[in-house]
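I have a structure I would like to understand better, so I am pasting it below and will then ask my questions one at a time.
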Amino acid sequence: IEEPLIFETGRLDVTGVDLYAQEETPARLGGLRRRTAPHLPGLTEPEAVRHYVRLSQKNYAIDTGLYPLGSCTMKHNPRLNEKMARLPGFGDIHPLQPVSTVQGALELIHLVAEGLKVLTGMPAVAMSPKAGAHGELCGMMAIKAALRARGDARSVVLVPESAHGTNPATAALLGYRVESIPARADGTVDPEAVKAKLAPDVAAIMLTNPNTCGLFERDIIEIAEAVHAAGAFFYCDGANFNAILGRVRPGDLGVDAMHINLHKTFSTPHGGGGPGAGPVVLSEALAAFAPLPWVVSGPEGFDLVENADKAGGAHPFGRMTAFHGQMGMFVRAAAWMLSHGADGMRQAAEDAVLAANYIRASLSDLMSLPFGDRPCMHEVLFDDEFLDGTGVTTLDFAKAMIDEGYHPMTMYFPLVVHGAMLIEPTESESKASLDLFIATLRDLAMAARRGETDRFAGAPRFAPRRRLDETRAARQPVLRWSAPAPVGPEPARDAAE
Amino acid sequence: MRYLPLTEADRAAMLAKIGVSSIDDLFADVPRAAWRTDPVDLPKAKSEMEVERLLARLAGRNVAAASVPFFVGAGAYRHHVPASVDHLIQRSEFLTSYTPYQPEVSQGTLQVLFEFQTQVAELTGMEVANASMYDGSTATGEAVLMAHRLTRREKAVVAGNLHPHYRAVVENLAEMAGHEVEVLPPVPVGAEDILGRIDDTVSCVVVQSPDVFGNLVDMAPIAEKAHAHGALLIAVFTEVVSLGLIEPPGAMGADIVVGEGQGIGNGLNFGGPYVGLFATRQKFVRQMPGRLCGQTVDAEGRRGFVLTLSTREQHIRREKATSNICTNSGLCALAFTIHMTLLGARGLERLAEINHQNAVKLADMLGAVPGVDVLNTAFFNEFTIRIPGKAHEAIEALARKGVLGGVPASRLYPGEGLDNLILVAATEINTDDDRAAYVTALEEVVG
Amino acid sequence: IEEPLIFETGRLDVTGVDLYAQEETPARLGGLRRRTAPHLPGLTEPEAVRHYVRLSQKNYAIDTGLYPLGSCTMKHNPRLNEKMARLPGFGDIHPLQPVSTVQGALELIHLVAEGLKVLTGMPAVAMSPKAGAHGELCGMMAIKAALRARGDARSVVLVPESAHGTNPATAALLGYRVESIPARADGTVDPEAVKAKLAPDVAAIMLTNPNTCGLFERDIIEIAEAVHAAGAFFYCDGANFNAILGRVRPGDLGVDAMHINLHKTFSTPHGGGGPGAGPVVLSEALAAFAPLPWVVSGPEGFDLVENADKAGGAHPFGRMTAFHGQMGMFVRAAAWMLSHGADGMRQAAEDAVLAANYIRASLSDLMSLPFGDRPCMHEVLFDDEFLDGTGVTTLDFAKAMIDEGYHPMTMYFPLVVHGAMLIEPTESESKASLDLFIATLRDLAMAARRGETDRFAGAPRFAPRRRLDETRAARQPVLRWSAPAPVGPEPARDAAE
Amino acid sequence: MRYLPLTEADRAAMLAKIGVSSIDDLFADVPRAAWRTDPVDLPKAKSEMEVERLLARLAGRNVAAASVPFFVGAGAYRHHVPASVDHLIQRSEFLTSYTPYQPEVSQGTLQVLFEFQTQVAELTGMEVANASMYDGSTATGEAVLMAHRLTRREKAVVAGNLHPHYRAVVENLAEMAGHEVEVLPPVPVGAEDILGRIDDTVSCVVVQSPDVFGNLVDMAPIAEKAHAHGALLIAVFTEVVSLGLIEPPGAMGADIVVGEGQGIGNGLNFGGPYVGLFATRQKFVRQMPGRLCGQTVDAEGRRGFVLTLSTREQHIRREKATSNICTNSGLCALAFTIHMTLLGARGLERLAEINHQNAVKLADMLGAVPGVDVLNTAFFNEFTIRIPGKAHEAIEALARKGVLGGVPASRLYPGEGLDNLILVAATEINTDDDRAAYVTALEEVVG
């Protein structure tokens, strides 16, 4: 059964929210009362519940199957964390209540902040950024502020070809010119290539480590030292922190700023696209420029520094957002950290790396590895060479996975590899689950090799929808529902609006 | 460990398959200088029961809004969210799914986004809306950047009564990007001369209504003047419920409407996660930041939804993107959509009406306290009072009496001479008893 | 993808529950320590969540579609009610805490009890029965106790042919001989037939009203009077109370005892088969025999009468169960009652009746009504006459509904009608939902008429399973998983156990 | 009204289609004497917010177990239930589905029942188990009736230390059905002569272990004697977690094992809903009460599950059914199954071990309070103490000090001379602080 839009079934005179009656006093709206009601149909609770339950059933989710998206870290989201975030003492407090009434909340933020500092080996952290890209922006702003503070107007940011799109977008947003660094044949960054680019106008380099090819940048310390020697800063994209959690501290690699996706490494749920949280750890050199606000712990309890005049010796560059960051995500991340502990977090990283390598080793005979059959970190990158001559594309291959009950892996990213397929299993999959996934991919790879192109070109067949026409969507954008135009003599539905 | 399915036997078998002797071999590329052999200096793993106890203790040290007479607003509002909303957003298929880049297996999320975009457009009186931003403040920052792109000018004029946190976000972004921003001083009572600041160098005017002091602003004259000079009007709101009762910015000529959607479907959460709403005209859509969901058809001709116009986005356009935003507020947008669907136009109007009525009642009661003045003439559910003493001390004193009475203006505007003002919000959650308790406590505090 | 059993994927050395370590002291088990571990494999949380989420997806539910089961009242279950039942003050209190620490809980039970009394017009209610059948047992025990108290050893219970199976089973459990009363041609009970059976050894009559043909027993008062005149009692099966809630009080019909299914009329969720709650309202004549315990309200608050010596002038017949009844269901029912109010409950009954009659009127031209095209109550009964000669059975027809996205209606019940199909839409369906359901049934009825037998005989096709072999299940019962027998030289899985 | 989708316009259209002029016409069969025109005398509909406020106020008048040092047991036990359990049982497809009579669209519920039956059989050491009963007490009553059917005898012998509520249920059922039941007096310390009551007229012996005073009972000799006389042993437990550590009844010769499953997966809920467990030998299965799920194949030969052997049940066999039970405890059984699956044998054993350890510690601490004696020598997680004064007064006094210290035996056995005894339960939720608080409070109360 197809599920209609609420605008097609809801009625303007229906509401699913009863409110109490009360005596009315004259309004004081200064003549600005709304003149026409919005076209917002209502559904009663039975209708709304069914509508959204049925819509939900059209989604794939980590709770329904392995979600092998590289660079996205779709791991299990513990239910305790959801429960904790809903405690009234966390979920039902206002960001501008007196600090005396939110001491536990400030302590929670402090707890997470301290944990991130220990895990990264960095001296400071800015908690307010609302997602990874926001964290990147925050980190790069801190770099810009630090450069300014020393009167240094640098204009270039170096970004490897394999970087996430957010990296160049962030740099550009701040007015930097982006210069690309090509990848070495082995998929990592060549320190010599970096050094060659390190002119005096380079403000920073933005590196992802482990990188988006699933490899640890083995020359990262040399790169960091060269960057620092050139007076530039080292921004690290922390999207892949899951691979090294508890095993490697970015602070020991010479990182100056790195955002941490709490919705990846620390397992706050993705929610179909958000919300996330992107705290940024900062080096000694950048710590003083961290944005407002932050939590401080003192003898009389916790306090919030919300304004520059209370910032002590620091020089906050400004404010990233209203209020204090993604509290709801902090609670979940705290629960995850406490549940795993130092031992469990290290084990999680190891299991994630182990799982990716297990997939690599189990598929290397059938699928092609662009950088050879060598250990990867928590994600393994294949290219489409093994599909050469089969008539099957990376896209076809990925869509065929849907028919086997799996979400596709990340495709065509990173851009440095032709027809990339980036697979990240995470630590939450059992060996049985990995084995079934491997068997499925082997079966598909062999089917492609055998020339069973029908199985690929037409996929998916067993999903709520066949392949969707994305070109049409972009060429003739329909971005909202509109009442259909009147047809013939009958008045159109809702035409009265 | 309860979240890690691999057993020691599994690990051994997997290492054997990989052909290495230990997990350390897989970390061979890590420089020795950064090689850690021991766990970091954090406590060891805890049982679920222990974690729950520890976090519940922290939560217990906060005063939950539901437990006291509660009148705090200034950018975040406590409304009653139907129980079904939280139930539905916890559905595994919504909660634990990724961004819907694979539309064939993400039609649930995508259809929700299409409904969300339509609802936001209807509410704001605009033509199109995106699939959410982080929150109202960052949406405002993005709106200014978008106005710069559209007008190819780089100067924004910002009303003095824009929420100071929003102002700070805009200022920071502008300053970091090398743009100019002219901010007027706050005006708790009376009008500011924003019209006088608009000239042909201005890309946009940023105006909030209800403003941070609760005043309703007629934006039509500002839109007119801005358009006459080739500038855009960016209308901002922090209380989305107000749109149920007051004229929407789209009807007053706004070109971009941004605001905080938390008030519908989402709790206070100590400031986040919230959901930024972002709506504009159809013709501006290709300069819009953020994700967009569009309607299309599948290979069998059936209606379906996809993320679209992604050539605006960073993952396709990289440094040429309209914004660097990636993860947004999907689940908060879902909560918004469900709550909005339950309300419908009729429920929303009634909700807004009750909010306004409760604010009017409270304003009259507080205004009758000796020494206390209500500053606003026209307001929605929030207003400003002037008290004889320091507002921040009064708020602390009220808290000790078990009343969370609002936000001292000086917390938002330190050092700007607004030390006697309290921003007071009233919503449908307030009862007669709550209001009476506030009056009694305030009388004691200022008496 | 097929979902295996936990016994096939779980491992005996895995647990998804971490517990704290502590110093151990010597055990004091008196030599009764367990000698062999049970064969209970564990799953970690990621595995368990995915397993049960995937299993859930194989179920139909009221949240996913209309559930037209006659006599089962599958209506919307408000989410507020679930939230309220989980308040620590209701969900996390022990039945044997001091009554001083559970005053709010006792007040809640009192609130529900008083509500049920008002709605039924009856003077007393026994709250402890745990489901409808348990309530029947309670009501019939009260009747037996009342008869005993007057020294009257009657041995027969009259039950109409159309009764639910629980009625005769309950009577038999108490040692009564069950005598059947045939139905009148119009589907209702003939008072004359009852009078003919009303011998001095008749203890009670058990009637369902509205009855299972969806009809109000129009001579019910006459029957009640005759029963009382014969010294017998009138037990009313309250399964169909939803039809008359707020419009008719059973007390005004002469009922002596009636159970109320809180999981039907008062919308506590069915949960795949339970739990329910079956409070029993009692007439003046039976009130004194109500079972222990009950709540009393006094000047110093609420108290629990748990023992006969505190029962005042009453003569409780005994105890139905440990503790005080289904508190969790009481909270949900209270929320439902308060939410609807007197006006909303009456409206709910009217809408339920309206919906059933709308379906009747919309299908009467295509499907056959055994008792003619006259108003029904909240459920409408069709028979299989309209399928005569089509080769399609009631079962086929019902299973074909599955392929159209609907749960089948109640089939082959009541027994008084050939090939019965009993449809109860409830008040929670919108007109659009009813119209779609009607269109679907019309389409199926016409398909049957057109002889499209394939569409029926093979149904369902689009369900997690095709038709299941129930005969095989009963003839060779496999009621639990067992480790497969060893095959060949390899040691069998888990054979070590 | 938020739960009623029909609008007035819908109602009018539907009445028109039906061909009647008003809803009253559809109630034409109702006798005029019972015809009500007005709503009943109850309050009018309330908003969700009002209902929530009202019920939260009632809930707030109760002392929640988590909020105090808590040691109450005697048939219901507070254990930590993982958060995922409650999340999963609230899945719409589990929560709002009906009894799985249509197996093609109920495989989720059915497979869960199959897993549940297997788990219960394994735990109890029996061959088969049913798909749940209401609770432990009614399961015990049903077990006695089943024993009567199997042996064609009508006399049960019941141990004195069977939970008095269970005893009352058995007595009531037996008495109402015209059967005989011989109940021994309670024996808090030492052994009772149950063997001496077994003869050839006895259908079954009902014995609980751990018994209501916490004592562990070796049932093997009782089983032997019973079987020698053609009688059955019915073994009862009220604390299912005990089966993780003590020898299961099946291994001691029990013929039917019944008990309360609440301790796994289910909260205290003030006494209900709970979940009755019922297991027996394969050969007795056709006399078993309640639903059974069985494995079979579908038309394509794939494994599937159905409710089976329903010729035992009332909806098929009517007055010849083995029981009148219909609705059972499906959702509680689901919670049990999920929690049990998370635990596994290893987690269950560890859980049981901690329970026992905490009970041993607490017993030693309370036993050291002057004037207080611990009566039990062998126990699992519950034991009985004798105090100098009246137990029910001490329990009230402890409650006033914020400690819920157990159940006075006199509440369960009024007038049986057990006025100085308290049943004390310890579980994994108790901390060192909890135990210390109990000792301190008890010292004050008895001192």
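Each chain gets a letter, A, B, C and D, in the order it is written, and its residues are counted from 1.
As a convention for this text, contacts are C-beta pairs under 8 Å (C-beta built on N, C-alpha and C of every residue); 3 or more make two chains touch, one makes a residue touch a chain.
Keep in mind that what you see is a predicted model, and the values were worked out from it rather than measured.
Visitor: Going by the stated contact rule, which chains contact chain B and chain C alike?
Guide: Correct list: A, D.
Visitor: Between C-D and A-D, name the chain pair that shares the greater number of C-beta pairs in contact.
Guide: If we tally the contacting C-beta pairs, C-D comes out ahead.
Visitor: How big is the gap, in whole Å, between where the Cα atoms of chain A centre and where those of chain B centre?
Guide: Roughly 19 Å, centre to centre.
Visitor: Indicate the whole-number Å distance between the mean C-alpha point of chain A and the mean C-alpha point of chain D.
Guide: 46
Visitor: Between chain B and chain D, what is the separation of their C-alpha centroids in Å?
Guide: 47
Visitor: Enumerate the residues of chain B that touch no fewer than two other chains.
Guide: In chain B, residues 1-5, 7, 45-46, 48-50, 52, 82-84, 86-87, 90-92, 342, 428 touch at least two other chains, as defined above.
Visitor: On chain C, where are the residues touching two or more other chains?
Guide: Residues 11, 13-17, 19-20, 43-47, 49, 53, 57, 63-64, 76, 78-80, 82-83, 428-430, 433 of chain C each touch two or more of the other chains.
Visitor: Please name which positions on chain C make contact with chain B in the complex.
Guide: 11, 13-20, 43-47, 49, 53, 78-80, 82-83
Visitor: So in the complex, the part of chain D that touches chain A is made up of which residues?
Guide: Checking each residue of chain D against chain A gives 1-5, 7, 45-50, 82-84, 86-87, 92.
Visitor: Going by the contact rule set out above, which residues of chain A touch chain C in the complex?
Guide: So the residues of chain A in touch with chain C come to 1, 9, 44-47, 49-50, 53-54, 57, 63-65, 75-76, 78-79, 404-405, 428-430, 432-433.
Visitor: Can you list the chain B residues touching chain D in their complex?
Guide: 2, 48-49, 52, 80, 82-83, 87, 90-92, 342, 428-429
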